[in-house]
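Labels for the chains are A, B, C and D, by order of writing; each one numbers its residues from 1.
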């Protein structure tokens, strides 16, 4: 992570300040507010602000006048019920605002989640920092042969070195030329005689692993949906680590909702009608095989993974 | 307004509690948090929670690390610039949550604003309160003859009395029958022998002036859009009074953004290309009339209102 | 259903007209275009327009230049893959526009689906038709005792008669008074001496079973989400019948997508992490009971229903 | 523009096919369907599908049963009324689907318009084409000195040559290395012994002027909003040319709505409350100057531009 001394001082200053509020306070998240959680080689996630806590979910579901006098045990039960039955609107009553530094190619995946508010640093107005993502050697994976969108084994030896050299050199050269095009380095003109290309044009010379930053704000329902897709094993590693960092903040913020999310989403499985039929046959003792299941090869494989059974339908 | 003693006690209890927070605090809105602002005969608006303040708009626009050290004067200038140039995303970084009690026919207009989170009390689960809107005599307006969607003169005498009697009697009878259908009054069965019609069916007997309640949460950009449409003179009186109450809370919350909103939205005018041409002709001294303007009658009338000129194009 | 002769003639005229288009044509839905499918006692659903077909889903997923030369068998496989893996954006590339006549209390549930475009007939400008929903006797259900939001046994005898009489009388009286307030009946003033109350006020005297109408337009992904929630057994009967009518139109429009939707959504089950653990234990031969399952009573009941096993965890 | 022979043949084949439909047909847009309109050096815009026409806006606004029997003159009047009074929902009843090839840095601006459906070609699955945007010399503008986000004079001579060389070389080298990382060129392995880096990683080596493609679908209301912002003189040239191409297609599709859009949006001005006060003073003959106007320097300049008056408030 690369915070300048000034940036870290600004963060520390803001962490020291407290004020009195009548609003509900989520003490677990207060603890971590503003702190930069490092992600990848230069990125971070910071929680900047939030609205609501576990009790606010319950309060909205009941459209209540006060905090309510119900026991915490009842809150947990209701939150689990709401999660299990896909009642999403009470979860929308909590909101969080994050400051994220992330590579542009990750930002392009992230932005597909449309139900969020975003303020990205503009490379039409500003000059992007000289910060570029280069994978750690253990994440330099080959293309999967089995899966068109997956990763295979980690590259090694000369091949790995060559790949890292390319990624490092091309982005460094591109960034250096970006500065030359702008005719600006460290806040000063390189050549006082030149004007420099317009910022909105010069930026096109940057590579997709250059870091950008944004403020990103969303409600808890949409945040959990984001986590379900992006903390998933099928998500690209480079976005998954952001999702993991945000998941930890979410757990600190709304522990009951997060627990329900783990049980009813993260660790849950969606089983199709035909696959359910197979499970029912297995439960009455039938030996179901890939062939007799009637499922496609892909679906049979996915079902076996979920049930942790062998290919013959018998548990290992 | 009709808060029960228990409800008012819950509100008071919540207003007394404060806690320390690291988040930004908007002192003007803290002052009014949870308080029920009366609207119409039984309705109210209560601010339940908020995220951000004027400085948070600036902070998001700059994607900054801390609160920033800029002077408040610069904040005001930037907020006005953002509002004038329709940069909406920084305003989306502030969020507010309201608890509203409102007649169903008002709720039906309100819900058309889709970019908001809503938890409405469900008449499938719960029994709606016996609270019904009946207009004050001074708001009992006749249908406008000029304007298909407008109100004309206030009804008076026997006609007004008859209208009020109908509104009062039909809704009261409908509500009484609603209880009879449910076989429940004041939380107890009316006739212990009967089951009562399903709540989800019985509710259809209610009239559209019955009050409902919801938690409504939106960001500042969408809130201001709501206020622009609903605090407008063309909006129906019964929703305008809610918009007015919310406008006052908004002003307490983000005074700089609200001031910019007044100048660049509420008191501004959108002037069409052809109408601008007319203004330009007037400014070089031409006497433009409805006939020579080339505008439709409606647009000419609207332009004259905006410019506060007489029909001949000369100022009064 | 209550179409006037003029309305039916307009529909027939539009059905007779055809024109040449270069766009993709979904012949199954063309067949039913504009036709009013009756729902409830006076309601209907009409497909007014559509964009795309099954092949358009595939074409968008592949971002292709033409219709593609792939076999229909491949299209089916890809559509099933997309549905199974929650790739929603290709389904968003199809769009449908419906004209719906529905009771106001149904419209209030429906409108919670925010990702849609809606044009509702405005009771500020127009006078609503004298059409009121009264349940058929077999749908006049008692409140469920077990389930706060459910229906129990059907009311019978005097109790049913009383309920129907109330629903019929109150809404009829309210509608009659609505006309009196407006001072307008069948397009003419009732009393030429009076002005009549403003339409925007008079409407509040109507009961929630009065019919309204709207044009409703949404994409296929959001339509299927709507169907999943509203064609479900837990949805209120009065909205479920609309969902059923729309499901039939959807099947005619995009038969492959609809088949995948049935397998992977309608007939599928979402099984929580703890419940999956129970299934795994059952599959290796353990006799799991409600007590030893570790699930809540509600979740155990739901799992048993899905697996079609008895309470003891043994298949029936 | 760079369509392969195969792609052009697919487009031609689809343009030749027509079928009968009962849907409304917009003949102006039918004419141009599927055709690739060239934009920038390798980009294009193609209209793939649409729903509705001018009459459909009117039909939705009236919630009508048929096409209606009103004269076209009335349709134009109603459409202009709806546009003038910001009644957006009838315009949402028309939908268009485009296929766009565009540089990544343009795609990143475009995607901020959230109310649209998007299917972008995935560089996790697929290999992006070797197509890179390099500005034409006349668009190689210097950074504006006056305006932090604007362009100044066009670069010339050696400076221009150097800038073009950098943009060309860096992107070409980055693309070549992208292929080397993938170990794939023209669909075949470069070195049959190597696996190649995962596609999802290799893509990060590309520069932001590499072209991507997507299917983009939106409703007419949101399309016009996009055009208002992106066809504007303040938008970056590289996105404005796309907006211009789409504007021409929109005019062919819904000529009446487009005409209203020009009058009430494109050529209109939004004048703030304080600026309106200045106009009113001018109209009664007062000589208003920047100093006596009470406006900020920026706002005074903007008002003068709109009114086409000199700085002294007198028309030129």
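The working rule: contacts are C-beta pairs under 8 Å (C-beta built on N, C-alpha and C of every residue); 3 or more make two chains touch, one makes a residue touch a chain.
Source: prediction; values computed, not measured.
K.L.:
Which chains contact both subunit A and subunit B?
P.N.:
C, D
K.L.:
Using the touch definition up top, find the fewest steps from subunit A to subunit C.
P.N.:
1
K.L.:
Calculate how many whole Å lie between the centre of subunit C and the centre of subunit D, each centre taken as the average of the chain's C-alpha atoms.
P.N.:
Between these chains, centre-to-centre, one finds 36 Å.
K.L.:
Quick one: subunit B and subunit C, Cα centre-to-centre, how many Å?
P.N.:
Chain centres of subunit B and subunit C, defined by C-alpha means, are spaced 30 Å apart.
K.L.:
For subunit B and subunit D, what's the span in angstrom between their mean Cα positions?
P.N.:
34
K.L.:
Return the residues of subunit B touching two or more other chains; collapse runs of consecutive numbers into ranges.
P.N.:
Touching at least two other chains: 89, 112, 118.
K.L.:
Take each protein chain as a node, join two nodes whenever their chains touch, and name the resulting shape: line, ring, star, complete or other.
P.N.:
complete
K.L.:
Along subunit D, where are the residues that touch subunit C in the complex?
P.N.:
Its residues touching subunit C are 3, 6-7, 9-11, 13-15, 17-25, 30, 33-34, 49-52, 56, 59-61, 63-67, 89-90, 92-93, 95, 97, 99, 117-121, 213-215, 217, 219.
K.L.:
Can you name the residues of subunit C that touch subunit A in the complex?
P.N.:
77, 80-81, 84, 86, 89, 112, 229, 262-264, 266-276, 279-280, 282-284, 296, 298-299, 306-309, 315
K.L.:
Quick one: in the complex, what on subunit C touches subunit B?
P.N.:
My answer: residues 103-105, 107-108, 111-112, 114-115, 118, 122-125, 133, 135, 140-145, 148-153, 155, 159, 163, 166-167, 170-171, 173-174, 177, 180-182, 194-201, 203-209, 236.
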